[in-house]
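For reference, the structures are reproduced in the following blocks.
Below, subunit A partners subunit B and then partners subunit C, in two separate complexes.
Then we have the complex of A and B:
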């Protein structure tokens, strides 16, 4: 009987512990919604021929809905805030467990960072990621000195101060949640054009670090092993500055390994981006109007160069995408 | 039931101890600051725009997930960036833009590496072209190209 009581207490403790962890974890539904993006992929039909990986320059700038509407391309943006290159590698590896796309598009902006940058961004990328070896690897590679792995395993360790700040959202969204993106694209309709930018500072070095290049190598190799075409891009965000020295290294890398690289920043005029109107924060990210122009432009590149299927002609896929498009257009304000 | 409540409290207390450690660091120690025309810019201190005259330009750089807005005030010879911290905009970065201004130890853009080490000593961390001196959580970074200082930046670690 005593043994039974102990087991009962342990079970109750575990249930309570799990409950408290669930309760206190941020839900990322109305605040810091960027933290929710990583999880939305798991609910998707895995039929994407194109997967985007990278930082905010992908999730803010590329709209899969436009690429489907204009070209019938099925794509998904697995972007997260300040996604570092080793995080991109882990997220790609995880993605390939679910599906093998024809094309992976990697935004190269993150190559400038060779070390973990911010605990807050780490959590936005990782809190809602499913547990897997890849997640564990990303955590190990991303943790700052003062962090502990328990911050990631048990939300209560990292977020216990939220006990006093719990809201209705924490109760309502403990076990359910709503998408905040459209196939990984985070819509923003605000307009704040580019006015002035900080001085372009000199850097101690412009050479990408070895650890960064080694992860780029891993992404390249992973794509090759899976017969996926890896496409490198630099999204047309005007800040932080994309130095010529960075660009030259990417061109050299792409030439060396026979990869395609599109510096879309250099194509801003051709794309039709009006930086006084098409960004929501002074040039760091495109708003809806800029993202749609870019997506039409880049969708055309994808369609013409990578043998993609026009899924508008596929009844099963089009019925799903038409529903998505309806919601996208409704939220845009078109319907 | 009592046992369960005690256990739950223990969980909260145990995990509570973990975070208390993280937020303990405060000023008190000496930090780097930049002085020009009797104006003193102390890294980590609250930026009061009215103390420093009119800037020549101003830029806002929001973080990519709404985690705050860095504000950059450009003056004639230097640029000051503030970062939000505990509901205040603190001075997080000072970038000297020409050789008309110098550090407290008299070092300016265009000076030699020898002049730098004579003034600041050999206790620097060298990474690539950067020579960085550290005081508590503040840093003074000199970029040296061909034995000549080409850039001077003060910055603070932001939590």
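Then we have the complex of A and C:
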């Protein structure tokens, strides 16, 4: 067997292998777009003074475009679907390799989950994340028993059954993709108001589990090491029910470590959220109208308390953000 | 290398549970010493046979089949490969006792013969006289063996994950709902014939291919069985190592064909009933029917060969009914519906609701055609693959890996990692 032939065959095999992996992997462009969000950060100019981390309660509720437009704040939402606390920690660690923001805003809703919840959500968070030690750590911490590490390493192992459902999108977006968010904010203009309020179901325990608290500790320590102000928030999503017991533990934690905690759910009236109009799914997530109100309100808090720069006065930054704003307003329907 | 192989086998067996190691060690030790017994040879022989058969019967009937409801069997796991190693050591002991082979003097060598891991999952059942020819040879990894072994392994993976597992989706859909009757049952049976063949022979290909890579030659277990012209021929070509085991250690001791025509037929039927019972209580009628038909069949001739092959395939398929339904009564009930419920048009219009969409059905049809052609043109294909340049083999291996990865039915949501025959 000639060496040249072996090498040629193996190269062809590898090219085909990579091609098939790319082909069957979900592109997250028109369906399950939440899976695309994590990757958009890598294409960004890394000049953010505020980074949001957390679950859908951040990427659906906070619009960095509004915060820039109103206050000149440069921010990015690194939220993903049902982002668990150890995923938030990994994503924050990864973010700090690119930039050191002044403020990290963590939504505390995920503290209620102490175990991996859903294989599908894991993939929405991880599929498009760049390979790094942080990604490996998140995979190891997030995998359910029936999952295999190969599901994450080789898309063909997890998604080969998509071969019968491939669409034009799978061909067109094999090597290119389009942003689906505006600095991590996923716009939704639908209106479906709150019709029923969540019931307070009795739980076996309300105490956050040790592993959850340990990751919160790690996030706190990481911020401290990098001289970042950690801000805890509870976004004003009505569902799922946010227990007083949860809230009290966060207050206690924030007091203990001198952190700021804003329960924005309690401030809904002050923010001006109209739950009959400002959500797109009956109270789980705010729609564009609710998110803009919240962003204006929270931008004001950020501006007044955390010594942030007004980048509207910076020519380089403002030229980038004005372009983004144009797209944002165009997609909103304002232009 | 042999020591490494033995240690690796022990570790692999132990990973399935330490109890597996204990049971296989009992079988290996008892038969090793019984075969070497100088005094009370007969007593040692009979005692060891009873002990090993007893353990097998206990696990297969009292626990696995929960035959008499004597014990709560939920927490008892059937030892890995118990049938295969028990048959293997019994054949060895009987052959030594009858003077056909000499007893092994090196315990470590004997342990390797019994513990050699690959065959424990799905067979084949090895004879000491055959396996020892290559098992103890000094091993060195040779390029030809590795390539030929990989060709066989990837072909086995293709049969298992692309063909068998895909068919399994349809068969499971039909058999898990007893409202699917008539034409559906017939479709399930015809497809199951291919599923079982692709799954079982695919598994054997993997075992034989792996062994080949190490330079160990295991016996072939299949010889294109669905090209048989009648059942008698079928049983010389299907699960050959088990069929020949039953022939040598059940049929012939019963008298075989040397005791009159009537007795010969009875011996055949008894042998098949034992074979059926070895599969499980629910397979009694499967064994009985095969036994009766084989007992009254002669060596086939080549007249109307294609028609005979087709008819025999349909007959074999119909008899698999006992494999796809949970008990004999249900199997009979569903079998009968084939002959009075003519819902073929309904089946045709409902075909996409049976677990496969159009692209998957196309893949299934194409791969089934490949499987059939590979059997019909077996020698030619073997020649092309095994006697050709290494580059051809490497291209085949790489292609198969990509095809299995893309078109295989495996992973989350699919329970396709087990082989059908590993439960026996």
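To be clear about the criterion, the second predicted complex is superposed on the first by the 332 of 335 C-alpha atoms of A that agree within 3 Å, B and C clash if a C-alpha of one lies under 4 Å from a C-alpha of the other, contacts with A are read in each partner's own complex, and residues count from 1 in each chain.
Note that in this section contacts are C-beta pairs under 8 Å (C-beta built on N, C-alpha and C of every residue); 3 or more make two chains touch, one makes a residue touch a chain.
In this text, all values refer to a predicted model and were calculated from it rather than measured experimentally.
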Check the residue A:42 against both partner chains and state whether it touches subunit B (first), subunit C (second), both, or neither.
neither
For A:326, decide between first (touching subunit B), second (touching subunit C), both and neither.
neither
What is the contact status of A:6 with respect to subunit B (first) and subunit C (second): first, second, both, or neither?
second
One more residue to check, A:146. First (subunit B), second (subunit C), both or neither?
both
Just to be sure I read the superposition right, which of the two partners does A:163 touch: subunit B = first, subunit C = second, or both, or neither?
both
See if subunit A has more residues touched by subunit B or by subunit C, and give me that chain.
B
A:98 contacts which: subunit B (first), subunit C (second), both, neither?
neither
So, A:17: does it touch subunit B (first), subunit C (second), both, or neither?
both
I'd like to check the shared interface: which positions of subunit A are touched by both subunit B and subunit C across the two complexes?
9, 12-13, 16-17, 20, 146, 148, 154, 156-158, 160-161, 163
Residues of subunit B defined as touching subunit A within the complex:
3-4, 7-8, 11-12, 15-16, 18-19, 22, 57-62, 64-67, 72, 74, 79, 81, 95, 97, 127-130, 141, 143, 150-151, 153
Along subunit A, where are the residues that touch subunit B in the complex?
9, 12-13, 16-17, 20, 32, 34-35, 55-56, 60, 81-82, 118, 120-121, 124, 146, 148, 150, 154, 156-158, 160-161, 163, 195-199, 201-205, 207, 239, 281-282, 284-285
Within their complex, subunit C touches subunit A through residues 143, 357-360, 389-391, 394-395, 398, 401-402, 405-412
Could you please specify the touching residues of subunit A with respect to subunit C in the complex?
1-2, 5-6, 9-10, 12-13, 16-17, 20, 24, 119, 146-148, 151, 154, 156-158, 160-161, 163-165
